[in-house]
Each structure stands twice: as structure tokens, then as C-alpha cells.
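Shared between the two complexes below is chain A, which has chain B as its partner in the first and chain C in the second.
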Partner chain A sequence: MKEMDRRTFIKWSATAAGAAVMPLWIEKVLANPTEAAKWQQFKGETVKVLTENTPPSLGIKAASGQFTKLTGMKAEFTLDAMDALKEKLFLDLRGGSPEYHVNYAQPRPIGCVVCDYWEPVNKFIDINNGKSKMADLPDVPAIDTKDPDGLRKAYLPKHFDSGCVYYDRSKLYGLPYDTAQGIMFFRKDIFAKYGPKYSDKTGKPFKLSVDTTWDDFYQMCLFLKKNCKEVDAPLGLHYAQNWPIASEWASFLTGFGVEKEGFAEIKDYFAGQRDPGPVFSRKEDYEKGLQVLEYLKKLLGVMHPDVMTWGWTGLGTAYATGKLAVMRNCGEFCPYIEDPKASVAAGKTGYEVVPKGPSGINAYEIGAAGLSIPKALPLKEQKKAWLFIMWATGPKAQWEAFTKFYGTPVRTSNLEEARAKGWLKPDSKFRKAQHLMVQETELKDHLPGFNTGPKIPTYSEYLDIVGGELSKWVAGRTPTPKKCLDTMIERVNKLHGH
Partner chain B sequence: MSDQSQSAAQPILAAPPASRSLSLYRRVVENTPWYVWWLAPAVIILAGITLFPFFWMIYMSFMKVRLAPGLSDLFVGWDNWARMFDDPSIYQGWWLQFQYVGVSMVLQMGLGLGLALMLNQTKGGSVLVMIFMIPMMVAPVVVGHLFNLLLNSSYGLYAWILNTLGIYSKGSLLSNPDTALWTIVAMDTWEWTPLIILILLAGLKSVPQDTVEASHVDGSNPIQVFFNVTLPYLAPSLLIAFLLRFMDCMRFIDKILITTRGGPAEATKTLPIYLYFKTFREFNISMGATIGFTLLIAIIVCAMIATNILLAEKGGEDHA
Partner chain C sequence: MPKPGRILKWLGLAVFFLWTVTPIVFMISASFKGTSDIFKLPPLGDWGGIFNLLFFFDASLVQFESIFHDGSFFSHLLTSIAATGLSVLISVPAGLAAAYALSRANIPGKKHLYFWVITTRMAPPIAVMIPLYVLWRSIGALHTLPGLVLAYVTFNLPFAIWLLRGFMDSIPRELEEAAYVDGKGRIGAFMEIIFPLIRPGVGATVILCSMFAWNDYLFALILGGRGAKTLPVGISELASATQIHWGQIMAGGLVMILPMVILGLAIRKSLVTGLTMGAMRG
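What follows is the complex of A and B.
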């Protein structure tokens, strides 16, 4: 037998040792893949996203090249108007074998109805600090995972409560994705022209501010109606049947001091309740409800006649085409209003907090949606969806969607970045961020006005009743507000078995 | 030997069952007209795709249908029916449906008849017929979008014309609860009157010209000729046109969904729209089936009445 020399012995020994250690190393690497590998694990596959055809989703869609670069996956978007989206999504979920990986989770009218078909993200992360529970998935990006409340702090206030919590606080059904928050848009040129005349005549200021009440504002609108010829009507709100007018109702009720849209028995407003109890059971709520009905009809007198068919987009188009002096609409319309190619109001629009109601609350509607994952998807498909959600709600995607397109950032870090650039000032040249300034004030100083409406499983039926009865009342097809409210109460209570 | 004679006698005394059924089969085959065999596959398929859903709809109206996988439907008896009759929106839907279908039918049949008579006597009528047919070629959803644009008070041409002429200046006709339903009736009339024209023009071609001329020679004026000669010949075509449009109108939702979605102030929430909302907005499949069944019965009854009238007319003619 040939004797092994020292060099050969060392070579063989090293090889044997390497071979012995290799499986351990491979196991370790597989168990702890690099961050890049975690994102790239489904490279070449596709994620199907079903969402609303509104500016934030258009922004995220346009920024989705970033997602492909990060994950190697392709995001395939289906964008639809809310009604069509809802029908498509409900069918997809209830069919039992969902086609879409990611669902747009608008709390009303979608989430509160179908949340039981979604997978709580507790499966993937610690819902307090965003740390991943699965070794092959990354943590939620840009979160301080050492902070026990790190996840919530990274997003705008109350946006988790609004778009990701349903009936049970211990479960989280997604991450906040976009924000549609009611603010006032007004024509500065018209206010400048007619303001002094109004002040001379009445001795009151002609301006919108956090201290302006709806009554003050109504007087201004009456003055504009008599004197201003530049626009068709002083004011626009969304009074179309069903959700748009029901949303106005919810905001005005909050402004008039009715909590939880009259469902006094709902314990946790943001989580909602499966059995909400009777509506307007408290006498004081009932009286205020009647006042709101009167007010909604009174405002119709200073509004454009087409408001009866306007939802949020119809209202935005009317303002952009110069038909209105003021509108209350979601801040997400700001980039469109400030686009000189699309709007005659570009550069002429001022932004302000919604006026105060008689209760002293500046009540504003909020459509803060999340993104959710169908429960019926296999784990692998859910992981793909989760990667998309983490990217789409992350600061990089939100920033790109906001700065380059029409996105509505929900990350607090994005707001800080915008502030650092000097964009959150009324005279900023970067006009697309004007609404963020006002929205921030509302969220900071007027949190009681944050209005999402009730989360109840019967929300579709509820909308049909409330939206229909309100529409009939403002159109003069119901003789008295009492008749309208009584009918509404009777039908809603019957729906809930009370 | 005896066994052999017995077995030979058996076929004479009683035919074995196989031979009997073979004979029945042969009789059926030989006595059934050939066209029945030709039609049979189509009839079987048609029955499958119409009768099955029909009975399934009845089944659903007595159940609580649950779409989630793993959950079976629950029998609820007459509960859906009781809730339907207790729902004020149903009666409102029927009333709107009655108005919509009634006015649409009167307008479309009246205009269709008038235009068909005119075109029948116009030189170059075929070119005009082609032009009249254009709206019918457009998908109803597209018609809805088109009128939405034309009537939009921000940029719509029709809205501008109406406003400029001082006829209507309260925004869009579709945003006023008093005008929305009639605007949709007008859209439907614009689109579907050509179908009536087409059917009636075909009917007018069957009116014998010698009878018309004889009537003129006898001193009848055009109105008398129309009522005494043209109309009796045209009656079957009129009934077919009525039947087709009536059934379409009863089922109609597309233009309303595109333009008003049942609003404003529920002014266009006709029964099929309500049915659609119940089924696809609220996913109350059982209630949708219950409403759908009543709507179907109403259509069938009306269609049967019209068909009976048609057959009675035909029988009278044959008898004469």
C-alpha cells in the first residue's frame, strides 16, 4: 500500500471535514436565507391583484416595475369601479377557489362583509412589531421591530383600525394601503373676489378654516349663489344613491354629535360588531338624526342639481371643469385637480379642514383601505400575496406611487420626507401634496371627526336601505324627515332582527 | 319429442318479451316523423338548459343558499316568499317596471308602426332602413355610456343643446328623479324602435297589393284601407314584434346599471335592477331566485296571452 504524503493527507482531511460540515451549512442557509432570497423565492411567478380603479391603485400599478425588480414576480392588476370590483371580489371569494391573490380591502362596503374569507396576517407576522413569524419570509419593511408598537407607528393614525380590523381586535386582516380622506377644496380666486364684498355686508370673514361652522359656510354659499357667475353652483357633495349619500350622512351625523351612526350598542366603533343592536334607539340621537336630514336637504339648495348622480369621481370632474366654487371630496383628488391639463382649477385651489358641525366636531369621511389575502389560497400562493402586500404598503412603493403618479402615502415616513422637501406648505410649488397637509391636521387635531361608518356584516343591505331612503328624502319624495328616519329605522332594525 | 313440439309452439302462443319490445321500438321508429328525430337533440339540449335552471330557481326560492364551500343549503320553506311580499321595494319595483315597460312599448310600437308605414311607401326606403338600423347594432351598454356622456352637464352635447335652447337647465336629465326613468325610456326607444320597423316592414310586404288597390277602387280612404286591409294582414307581425320587445323590456337592466344604478331617489330601481342588487350586491341568492321566479311567471303569462291572441287570429284566418 502506498504511503500517503502529508500534503495529500491534509487535502483529504479538509475535503472530508468540508463534506461533513456542508449539510449543516446548507441547512443553516436554507433555514436563514438572505433577505434578497426571501423576496426572490417565487421568481418568475405572477401575483394577481384585484383592486379599485382609483388614483392610489393606479399609482401602485404604475410603480409595480419596482416589485418585479425586487421579487422577480410579475404583478397582474385588475382594476374596477367599486360596484364591479365588489361583485367580482365577492364571487371570487365565495366560490371557494379564489383566482386573485390580493384583494382590495375597503372596510366598507367590502371588508365588513367578507372578512371571514380572508386570512389574518397574524399567520405571517407579529401584529405588534411586524416581525416575520416564518423564517422564509422577510419582516415588514422599514419597521422598528424592537418597538412593541412599531407596526402601527409606521402607518398613519387609525389606518390599521379602519382598514385591517374587523370584529376581533386580536386579528389583523392586512396592512394599510391607501387613504381617501374628506377635505375641503375651494377656489381661491373666487374667494378672493367675493370675500371682501361678503365681509363688508355681513361683517364676517369669508374664509374656510378649522373654526368655520357649517352654518357659517352655508351663508357663504348663499352669497355665492346670488352673486358669483363664474361657477354653476357654490357647492358640491356626493349625493348619488347608495354609498355616496350614505357616506355624507355618516359624516354629518358625526358632525352633529351622533356617534357610531346611531348604533349606540356598538362597543368598539373601529372593530365593528356582528350584531349592532337597534339603530337610533337613543332619543338624543334620533333628534339629531332629524336635524341632519333637514340639513342635507337645506344644503341641496346651494348645490349643483347633478349632485344626485355624483359619486366621488363625478364630483371631482365637476370641480375640475369649473362648475363649483367648493367641494368636499377625498384628498386623493388633489393631484388630478392640480393637473393643468385636466383641470381648470389647477393652481387656483385652496385646501382646508372640513367645517365644524353643531357638536364642535370637524367630521370627515375616511376610506382607509388595506390589502388582504384570501383564506382559501394554498400557503405558497398566500406567501406570494403577502410579499406583494409588504411591498405595496412599504415606504418605497408608496413614495414612488405618490411622487410620480397619484398615490396616497400611508407611511408616516413618507409624510416626513415630503415635509423635509418643503411640500407640506400652502405655497409649495409641488401642488400634488397639498391635501396631505390638511389631512395631517385633521388626523392630528380632529381625530373625533374620523368617520368610517359602522362595520357590520349586513353593510350591503344597510347601504341599500339608508342610501335609498336618504336619496328619496333629499329629492322630495318623502314628505317629512320624521317619515324618512322612521322608515329607515324600521327597515334597518328589521334587517338586524330588532 | 314432446319437448320439441312444446318449444316450437311457444312463439305462436306468446311472443317473448324481447321480441315485443323490439316490435314496439320498430313501431315508434316507423311511426315517428323524420323531422322529430332531426329536432330531438336540439329539443333535449334546450330543455336541459331551460328546464333545469327553471326548477333550480324554484328550489333556491325555498332554501337559504350558502355559497361558501362546505356549507350546504338550508331549507327555509316559504320564508323567502314571505319576506318578498313584506318588502316595500318589491312593490315599488313592480310599479316602476309597469311604467317603464308600458311607456316603452307604446312608444316603440307606435313609432315603429308609423315609420314602417312611411318607409314602405318611400322610394329608396331600403337606404333609410339601413340608416335606421344603426342604433340597433350598438351594444346596450355602449348606448348607456354614450347617453351618459351626451347628457353630462359638464361636457355633454345634448345637455348643452337643451340648456342653450332653454328647454332644460337643471343639469343632467339623468340626475333628476322626475326625468331619469323617461330618459332611459327614450334611450331604449331610440335603440330598439328599428327592430319593430324591421319586423313590420317584413309584415307589410305580405299585404296583397291587389286587395289594397281594390279597396281604393271601392272608394276607401287611406285610413279605411289601413284599418280594413293592412292592419289585419299586419296583426301577426305586430304581435311578434310586441312579444319580442315586451320580453326584452321586462328583463332589461344594462342601460340603468350604466347610467343611474337605480337612482336618483330610487326613481329607476325597477324590479330587474332590484333583483340584480339582491343577488350580486347583497349575495342573497335565495331572494334573487324568488324575485326572479315571479318576474319569469309574469313574462310567461303575458307571452302566453299574446301568443293565444296570435294563434286565435291565425285560426280565424285559416277558418275564413
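What follows is the complex of A and C.
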């Protein structure tokens, strides 16, 4: 027998060892597909997305080529106005066999009502660090999975609380997707023209800042009303029935120091509570509620007569067409206001934090929404939805939607990138990011003003009551604020069995 | 001197005319203006200024150009035409057959059957939306044109049966019997005697069924969805959460009312006769 030389021995030994290990390696590879394979596992299929027709979703839709490139799937978008979206989404979820994979999870008026029809994403990830629990699914992109709080740190403050948590802190119903945050829009040209005259007369500054109070601002508006002919009215808010005026109510209550919209028994404001207990049960809240009602009516004196027909969009249109000197509206209107083809206020608008209320809080409404997955979908369809959600809330999609199509980024890394480019400055040439600068200040320095309204399962009915009673009050159909508040309290408490 | 009653009558008519026509005039006027011109208002007290703003301006087709720009509006228009046309094509002939049976055949309990048919139309569409959605979803008809047509037929067919049976009842049976004597069968008698006599009624039914389908928003929004988006839904999407494209909405509204106006004018004679048919019986 021919003796085997050393080289041949090593060659054969290596081959034999390789052959022995190969099945184990193949098994390991199959059990742990590559990151690319995890994203590509549903190649050629479609994800149906039902969302609101706002700039963030238009941005994500326009950026969805990125998603197709990443996953090989097609994203089919249905974009509707909030009322139509609500009708479709409620029907789809309650029908038991959902058509849409991904739902727009606006906390109010959607999530707090139908969250039980959604699958908590705890099924897919560790909700602290974003690490995948399923071997065939990737981790949430661009998260430090070693950081025990990595997932939350990657998104804007409180946005998980607002758009992804309902009634139970241990469950997460999606990932943060967009943000609509109340800020002040004001005409810099009008402020520059009338400011010095006002200051000469009163000795006070004519400007909006974090230190401006609503009372200071009201005096400025009175001055504009008497002197300024460039606009129809100094101020615009959204006073239309029901959600718009109820949002104003919520913001002013916070500014006046009423917590949790008067539901003192709600333990965790951001999680909400299925039984919120009686409303305005504390005397001090009740007294402040009366003051807010008076204030809402007082502001009518410096507002455009059409405010009672304006929701957010009507208000935005009024400002863009030059009817107003100031409006408080969601930051996402900035791209529209800064579009010279659509708005006479383009390039003339300044942005600032909402004034302080008597409690010293700069209170602003916020509609930070998430994306959620129907519970009734089969697991495979849920996985497709989850891949879409991870992409759409990831830094690449959010950045593209923001820079090219005016989305509202919710990733902190996007804001860092914008800051590095010098966009988060009042004199930035990238005008359509002006709102982000103010929103960031509000989130950083004025977190007590973050106002999402109460998350309660009866939110739709609650809104009908509160919005209806407020509308009657501002329209002069309720004789006194006491009568308005008492009626509201009686009806809301009856709704909740108190 | 004209009588006070006559003056009041003309005054009432003038108010009614202004009440109904002003919004349409405003829509037509706004659809031919640029966006910023739509929001122009005359100074307070300048009533003549309103007239000028409505009728004397630099007309522009910019709103029409923008709605037809990307082809989606045209696609919604075609879907509307298809959904309305097909639903009427199914509802009216089927309604004619059913109405004929209910009018002429001796069916036990047909009075109750007739009433039951129309009760299906009595509930508001929103009340049946949940079961329809679940049903449509389970048969795969959701977000499809056939599904939307079927939804319209569900509502238009009972209405057509109810309306057409009334017209048929007003035709004396003797005329039909004369046709039988002449050797005609049931179909021959129907085609040669009854149909020509109720043609105005059929015209009215066509118009009313078309109007239901053409103007419908709810079925098209929920059941038609993305796959069968009609004009009312398409136009409503011109109002987004951050911007309302008033000019485009006005131009879209004008495009939307035109087919119904044309249809109404084309068969207005039949429509008037049809709507008054059976009002008097000899």
C-alpha cells in the first residue's frame, strides 16, 4: 500500500472534515438566513397599506420604490381623508377578515377605539431593544439592539407613547410613523411692519417666543385688528365641530393647568384607560375649565369670523390665501405654506412655539401616529406587514420622504442629519423644514405641553359630546360657560356610567 | 297693476332660482379661474363687485388641465361611466321583467312580495354597509368594478321594479289582450304594446337609477375603493389633510354634473311624462 504523503493527508482530512460539517452549516444557514434573505422572503407579493392622505404618507408612498428594492414586494397604498379612512378601517377590522395589511394608527380617533383588533408587535420584537424574536425576520433597522432602551431612543420623544401604546404599557401596537404637532405660524412681514408701533405704544415687545403668554399675544392681536389692513383677521384657530374644536379645548386645558383633559382618575395619561372615571371631578379643574371656555370665546374677538367652519385644512387654506396674520396649526402644513405656487405666505412666514397658558405651560396638540397590523391576518401576511412597517419607520425611508416629498421624520437620526446640513435654523434656505426646528424645541424643552388628549375606548362618542357642546358655546347657543361645562360633564359621565 | 299673489309667486320663484342656481354659477365661475382668484372678495358693501367677480375675469383652463394632468381623473370618469352604465343596463331590463310579472301574473301574495321588494330600498345605504362589506370581501368582489356594479344593482333593481310596476299597472289589460287576439305572444305583446306606452316611464327610471349610481359616494368609497374609484371619491380626494384644491374640486364638479345634465336634457320630454304617468287613471 502506498504511503500517503503529508500534503495529501492534510488535503483529504480537510475534505472529510468539510463534508462532515457541511450538513450542520447548511442547517444553520437555512435556520438563520442572511439579512437580505429575511427582507426578500416575500418577493413578488403585495402589501396593502391604508393610511391618511397627509404629506408624511404621500412622502412614504413616493419613496416606496426603496421598499420594493429592499424586499421585492410592492406596496399598494390607499390614501384617504381621516373620515373616509376611519370608515374603511373600522369596517375592515371589524369585518374579521382584513383586506389591508398595514393600518394608519392615529391614536385618536382610531387607535384608542380599535386597538384590540391589532396585533401587538411584541410578537415580532423585544419591545425594548428592537431585536427580532423570529429567526426569519430582521431586527428593527438602525437600532442599537445592545442598548436596553435602544428602540425608544431611536424615535422622537414620547412618540411611542402617543402612537403605539394603548391601555397596557407591556404591549406595543406598532412603530412611530409620523408626527403632526401644533406650532405657531406667523407673518414675519406683518410683525415687522406693526411691531415697532406696538412697542412704542405699549413698551412691550411685539414678537412670539417661548416666553410669550396667551394674554400678551391676545393684546398683539387686538392691535393688529385695529391697525393691520393686509389681512382679514389677526388670528386663526380650528373651531369647527367636533375634533378640531375639541383639540383646541384639550390644548387650552393643558395650558391652563388641567391635566389629562379633566380625567383625574386616569393613572397613565399616555397609555389611556378603558374606564376613565368621572370628568372634572376636581374643583380646581372645573374652575379652570370654566376659564378656558371664557378664553375660547374671548379669542373669537380677534379671529376670523369663519373659524367655526375651519378644521386644520380650512385654517391652513385661510392662512395660505393671506386671510390671517397668525395661525396655530400642525407643523406638517409647513411645506404647503412655503410653496410659492400655493401660498401667498411662502417665504414670509416665521415659526414659533405655542404661547404659554396661565399655568406657565406652552401646550401644543400632537397627532403622532404609528403603523399597526390587524390581529386577524394570518402570520405570513402579518410578517409582510411588519417588514413594511420596519422599512417605513426606518431612517432611510423617513429621510427620503422628508427631503424629497416633505414627510415628517420621526427618527432622531434624521433630525441630526438635518441639523448637520444646517436646515434647522430660522434662516435656512430649505424652508420646508422650518417646522421641525420648532417641534424639536417643544419636544425638548416643553414636554409638559405635549397633549394627545385622552385615550379612551369611547373616544368617538366623547368627541361628539365635547365637540358639540363647545361648538354650541362658541356659537352663542349656550348661555353661560357653567351651563356648557355642566352639560358636557353630565353627558360624558353618563357615557362612562358615572 | 299686477295682483299681490302674482308678485309673491314671482318673488318666490326668483328666490328659489337664486338659491338653486347660485352655487352652480359659482362652481362654473370658479372652475375657470386661477386658485388665488377664487378667493378674491369684493370690498364690503360693493354688491356690484360680486357680479364682476362671478362673471368678468380672465378665464383660464388651468384647473381642468391640472385635474386631467396625470390621467387618474380621466380613469375615475371612465369608472363612473362604466359603473353607472352597467348597473342601469342590468337594473332596468331586469326591473322591467320583474315589474311585468308583478303587474300581470297571478302570483300568490304578490302584494306582499311587491312591498318586500321596495323595503330593501328603505334602509339607508350605511345601515347595510357592514354586511355588504363582509359579503363582498368573502366573494372577492371588494374593490372591483363588477363588485361596485353589483352594489348599485342591489339598490337600483328594487327601485326600478317598484317604479315600473306602477307604470305597467296604468296600461289597460285590454290593449294587451288585443295583441293576443292578433296572434302575439307575451313577449310580442310586451314589446309592441306595453313597452312603447311606458317608454317615458322607462326613461324616468333610467334617469333616476343613473343619478343614484352616478352621485353615489358611500358604496364607491367603501366597496369600490382603490380598484373602482369613481368621480365623487376622486373629487373628494382633492381635499387632503393639509390642502383643499378648491379650483380643481370646482372643475371636477363641473365635469361631473355635465353627463347628468346632458342625459336629463336628452330625455327631458320622457322624464316629465314619465314622472307624471299614472297620476290620473280613467
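The rule we apply is simple: the second predicted complex is superposed on the first by the 473 of 498 C-alpha atoms of A that agree within 3 Å, B and C clash if a C-alpha of one lies under 4 Å from a C-alpha of the other, contacts with A are read in each partner's own complex, and residues count from 1 in each chain.
Definition applied: contacts are C-beta pairs under 8 Å (C-beta built on N, C-alpha and C of every residue); 3 or more make two chains touch, one makes a residue touch a chain.
A quick note: this is a predicted structure, and the numbers were derived from the prediction, not measured.
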When chain B and chain C are modelled together on chain A, clash or fit: clash
Of the two partner chains, chain B (first) and chain C (second), which one does A:G95 touch, if any: first, second, both, or neither? both
Let me test your reading of the model: by the given contact rule, A:K86 touches which partner, first (chain B), second (chain C), both or neither? first
A:K425 in the overlay: touching chain B, chain C, both, or neither? Say first, second, both or neither. neither
Output check: A:K193 vs chain B and chain C. Expected answer is one of first, second, both, neither. What do you get? neither
Where does A:T321 make contact in the superposed view: on chain B (first), on chain C (second), on both, or on neither? both
First (chain B), second (chain C), both or neither: which does A:K133 touch? neither
Look at A:H304 in the shared chain and tell me whether it touches chain B only, chain C only, both, or neither; answer first, second, both or neither. first
Considering only touches as defined above, state whether A:K482 meets chain B (first), chain C (second), both or neither. neither
Common ground on chain A, meaning residues reached by chain C in one complex and by chain B in the other: 87, 91, 94-97, 317, 321, 323
Contact residues on chain B for chain A in the complex? 67-69, 89, 153-155, 170-172, 174-177, 260-267, 269, 277, 280-284
For the chain A and chain C complex, residues of the former touching the latter: 52-55, 58, 76, 78-82, 84, 87-88, 91-92, 94-97, 99, 312-314, 316-317, 320-321, 323, 330, 332-333, 335-336, 342, 344
Per the touch rule above, chain A residues touching chain B in the complex are 83, 86-87, 90-91, 94-97, 117, 232, 239-242, 304-310, 317-318, 321, 323, 376, 460-461, 464, 468, 471-472, 474-475, 477
Residues on chain C engaged by chain A in the complex (per definition of touch): 35-36, 39, 129-130, 133-134, 137-138, 142-143, 221-222, 225-226, 236-237, 239-244, 246
